[in-house]
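Several structures are given next for inspection.
Each of the next two complexes has chain A plus one more chain, namely chain B in the first and chain C in the second.
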Partner chain A sequence: MSKYIIKRLLLFIPSALGILLVVFVLVRLVPGDVVAAMAGDASVSEADRQIIQRQLGLDRPLVVQFVVWFGNVLQGDFGQSIWEKRPVVDMLKERIPRSLELTAIAVTLGVVWGITLGVISAIRRRTLVDYVVRVISIAGISLPSFVTGILLLYLMLKLFHWSPPVFYETIWANPGSNLVHQMLPAMVLGFAAAAPIARLTRSSLLEVIGEDYMRTARAKGLSERVVIMRHALKNALLPVITLSGGLVAGLLGGVVIVEAIFVIPGMGTGLIDAVTQRDYPALQAYVIVMSLIYLTVNLLVDLSYGLIDPRIRYG
Partner chain B sequence: MHRLAFDLPNLDIHAQLAAQVSTGLGGIYESLIAQDEENPQVLIPSLAESWKFSQDGKILTFVLRKNVKFHDGSSFDGADAKASLDHALDPKVASPRAGSLTRPFIEKTELVDPYTLVVHLKSPNVAVLQALASRWVAILPVELIEDQAKREQNAIGTGPFILKSYQKNVSMEWVKNTQYWNPQLPYLDGVKFAVIRDESAAQAALASGTLMSGGGGDPENAKVLRAAARGRLVQKIVPGQYPPSILLNPDRPPFDNPKVRKAIFLAVNRQDVGARSRGNIYELGYLHAGIYGEYAIPLEELLKTPGYRQPKDQDILEAKALLKEAGFPTGFNLKVLVRNAAGLPEDSQVVVPQLEKIGVVGELEIVEATAGLARVQSHDYAMAIQGLSQLTTDPGLSMQGAFFTNAFAAWKSPPEIQSLLDQQFAATDPVKRRELLHQIQRYFLQGETGIIHLVWGSTIGLHWDYVKGPIDAGFQGNPYSRVWLDR
Partner chain C sequence: MTEGKSDVARQWRIPSARRRLLARVLQGLAKLGPLGIGSLVIIIALIGVAVFSALLANYGPRELAGPRLAPPDSTFWMGTDSFGRDTYSRLVLGARLSLYVGLVSVTLGVAAGLVVGVVTGYLGGKLDLIGQRVIDSMQALPSLVLALTLVAVLGASVNNVVIAIAITIIPGSARVFRSRVLAIKEATYVDAAIASGASHLRIMVVHVVPNLMAIVFIVFSLDLGRAILAEASLSFLGLGSPPDVPSWGGMISLGRRYLVAAPWLALFPGIAISLTVYAFNLLGDSLRDALDPKLRSR
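Take a look at the complex of A and B:
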């Protein structure tokens, strides 16, 4: 197991290097630069443009820019934001916890809702309850998060004449305000995550319920609750865990839009800003951090298989 | 509580271009003179108590206000004013807004005594006062002018509000400046801004009462928001600042032929664009009559001008004849570059099909906003649809910025039109200036420049009924000094 972990960790290095290079090149292939982004619809004279580009260090050859940036990244320094004129690391320190908190709440809600609905749907197979759960699941898969988000926003306004807070406060500064702020977007993301989990839990559980050992468990006189929760669900969860890992990555994509709708200054809104503002150092840092989170989650999911199913061995 | 649609890059007002900067710092910094909040055409004293032109119109002398304190407690005097203006004028600083407003007109500054500042102009110029009244030409303490890093992280002005807190990407809070030189102002104890990028989120926050004012979008959308706020949102039409325009590149065929450019000018149905793309709240013309008054060509004259006439039959006939003369009897196909920003795709979806009436078939090429800017800026288009910023309340400065020094349009002003622009800047007689500005507009109305103004699309501003005073941000940002709450 430890050999496998070391091997996977070593594989991180070429992946991370590849990401660094691809990100650096790709963001510069996009037309437009930070001076154009700063100007918006106002125009800037060519002379002023050149001066501003020189001040920002954008007039240097691309190779020089890459070498300097790469050297700094290896030392944990993502450089200075062109737009905000402050270290990108400071921006990451502010934004990452906000997005991770949102993702954690969303994943928790998604897994709890998804498994609960999946189990209910499976044990009430072909009843009205099952059909309702399946319709909800299909809606969760079909509706993009930004549609669900705006609908929820409108619903809150219409029913309660209320909209979510617009001033973000950290959980340490004001836990109540923070949770109120995070709850709606987490529900939106959680809903999107719960839908596939519910469907997979249902089908997986239905498959397991038909196994011989389930009949044996029932024949032993165990209650239906114990049969389902202790014997069936444990075996049915393996594909659900695989799916949940992938969903975390999906949620990281979802936060990009949902954070904007619910005014959460996390990595998602930071990424949008960095793209529109052509803030190359910030954009590179956000993509790298998100990629590393994705790689880490995948590794953890792989490792969790062995804990859930002891039959699985790592080569 | 109000909205910032996006965060300020940093707090250095002289280094900025983004309109949000003048909103976020509107109550913090002041200029030598100011625009009246109710009527921006009227200039009022600010850090200068009075000013006068020399006999030849080339020297402008300001008598500065005494006993004014910066927010850090230091005293304001002429050294701060001179340092600030010199900084904006310095070509090495490349101040994109403060500098571009003042550099064309000001030769140098001179401090006669601590409270008398003399500004030497390159030539007599009536627009320089409006340029100096711009919030972008802010007066900062010498200490900030000399320290770029400090300037980017701190906002220390003389304005009616002090920057109390600023959390990047989250919020900004102003608090009343109790030492303000005008003891009557401001009325509010403070102002809060929330950084809200998403339009839906901002509108929900406005309708629920979290925000006191904001944009209402188009008339239909504003109606929904007013209903959600139980009818308590007051509606006001806010003139647009970026009138969408068609830009034709005279360096690329077929637009190297002035007849083709004029044919497009004639074929465009501006009123249709206003009705279908801009919610039927719009103004016509190269200058906005609601903002620039008599300096704009009267609407009656515009409606008789080819290109603006209704119905369009005669314009279409003439346009077809011009295309035939230019060697395109059946028209031609082309790509139309459109930035995905500020209603431009919607405008293009109305205007491009209009051109099919003269056989010009356009294929829309809608590109991401910043990428599109880069292409427009480098004239990488045959036809583009682009907003032409007019962020000043002086008609001459507005025309100069939008059409003469604008880097988006490939048109080069001929010497006789450039001369008219220079003459109107020097015209101290408003009647003469009006006539000169009308001549320039009539030149554009001939339709051969390749800059085809569509409409001034207005937007709907909404604010809660208990908010009184000049609440709209307007062109220059709002100092909120005369806003008060009736509750």
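Take a look at the complex of A and C:
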């Protein structure tokens, strides 16, 4: 077990390195030069241009640039934001918690809704309830989050005259306003995540229900509730957990959309701003942080297998 | 029956080539099931709308046809937007962009994924190992984030959106193809080809790729839904194609500012994009069930 954990942790390193390399290469493909992007409309003399390039280290070979940049990133230094003229790390410190809160609520909602619907659907197989649940889950897979998001926004406007507050309040400053503000986009993302989870829970549970130990559990007089919850669900959940880890990538993409709709100043809106303002240091940082979150979640998912299913022996 | 048919053919009731083709098509459709056929009908209708969009549209995409924010009526079937442009005409013309971006980006992405998957899977060794790590790294970037970054780097234009979406499709499809190639590689007909002296290139092109075609179709259909969704998402964020090109995502983005005054602005393109993505997902699902039930666990 400990050998497996070490092996899995070591595998994290080349993946993280790969991401840094991909992001570095991507941003260096920029047509036109960074100095012009920094200067905006102001004209820059050739002498000034060379000075700025030397300051940014752009006159050095690419390999040297990568090593220097890589060293800085390892120390948590993502450089200066071209647009906001302050360290990118400060922007990250502000924005990451907001997006993490949103993602955490969304994952919780998605898993709870998904598993509940999946279990109901499997127990009541081939009944009206089953079909309704399946229709809902197909809708959840196909409805884009900007469509469901806008639909929810519309309903909130019509029914409660609620619109996203202009100023974001942290959960420490004003928990009520913060939770309402975060809950709606989280529901949109949670709905999208619940659909595939419900489908997989249903099929996985149906497979398990045919097993011998289910008959044994019933034969020894356990209530149906205990049989399903303790014997069936526990065995059916492994693929569901694997899927949930993979869903985080889609969720992080969805964060960009719902943050834009519900005006949450998190990493998603930060990423959009960085793209429109051509703020490459900030752009790099957001992409790297999002990918590292994805990698970390999947690392945790892999490590959790042994806890959930003791039969798994790590080779 | 046809005159060219021999007595033997008539005696043994061997159907003509045309009948056999018809029978195969009907069998194929039957295998798709009602949902698959339904989605196919929607997709064919959508392609029809895109192809004949110039005829179907009542007004030009940038034409200021009527009053601003007019509700749907007999002249403006789906109302007008904040500039007075006809929503119906823009919706019909927007179908063209969605399908164009979807088809071209998925064709490019799946073709590149096929090359990467077949070459790394078949040749194996160090190439495969490096390829796997690169694919891992690319898959760790959420595809919308990757597409956004690429558009930021390449600049916003229709063709750059196509390239960006195509690149996001490569890792996933390459992975699916590679895993299947690993199985095909062990088949006896590949051994037979090696024994008869065929080159690796010939084996890949003549023996491996044709056996992947069923999966290629499935991946193609499922990725089409994703690609159309990605294009709409980029346009919705205002980072896709230029604002004067009518796109569903852009229309929803505009409609979002007039949700109370003119809900139809976001409603109709919202329905269009949802229905399209739904149809492609459903078709992909039905194709998978009909052609390759083993893939279901993906």
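A few notes on this one:
By definition in this document, the second predicted complex is superposed on the first by the 274 of 315 C-alpha atoms of A that agree within 3 Å, B and C clash if a C-alpha of one lies under 4 Å from a C-alpha of the other, contacts with A are read in each partner's own complex, and residues count from 1 in each chain.
Going forward, contacts are C-beta pairs under 8 Å (C-beta built on N, C-alpha and C of every residue); 3 or more make two chains touch, one makes a residue touch a chain.
Keep in mind that what you see is a predicted model, and the values were worked out from it rather than measured.
In the superposition on chain A, A:V147 makes contact with chain C only, not with chain B.
Using the contact criterion defined above for the overlaid structures, shared-chain residue A:I241 touches neither chain B nor chain C, since it reaches no partner.
Once chain A of one complex is fitted onto chain A of the other, the partner contacts of A:L157 extend to both chain B and chain C. Residue contacts after overlaying the shared chain place A:F167 against chain B, while chain C stays out of touching range.
Shared-chain residue A:S291: touches chain C; no touch with chain B. In the superposition on chain A, no contact is made by A:L299 with either chain B or chain C. Of the two partner chains placed around the shared chain by superposition, chain B and chain C are both touched by A:A260. Judged by the touch definition given at the top, the superposed model places A:I19 against chain C, while chain B stays out of reach. Of the two partner chains placed by superposition, chain B and chain C are both touched by A:R278. Residues 30-31, 150, 153-154, 157-158, 260-261, 272, 276, 278 of chain A lie at the contact with chain B in one complex and at the contact with chain C in the other.
Residues 14-15, 18-19, 21-23, 26-27, 29-31, 138-139, 141-144, 146-147, 150-151, 153-154, 157-158, 249-250, 252-254, 256-257, 260-261, 271-272, 274-276, 278, 283, 286-287, 290-291, 294-295 of chain A are the ones touching chain C in the complex.
Looking at the complex, you find that chain A touches chain B at residues 30-33, 36-48, 51-52, 55, 83-86, 91, 94, 150, 153-154, 156-158, 161-168, 260-263, 265, 269-270, 272-273, 276-278. Every residue of chain B that touches chain A in the complex is listed here, in rising order: 1, 6-7, 9-10, 16-19, 91-92, 94, 96-97, 99-100, 152, 168-171, 192, 194-198, 200-201, 204-205, 207-211, 228, 230, 242, 341-342, 367-375, 377, 386-389, 391, 401, 405-408.
Note for the complex: chain C touches chain A at residues 133-134, 136-146, 148-155, 225, 229, 232-233, 236-239, 249, 252, 255-256, 259-260, 263, 266, 270, 273-274, 277-278, 281-282.
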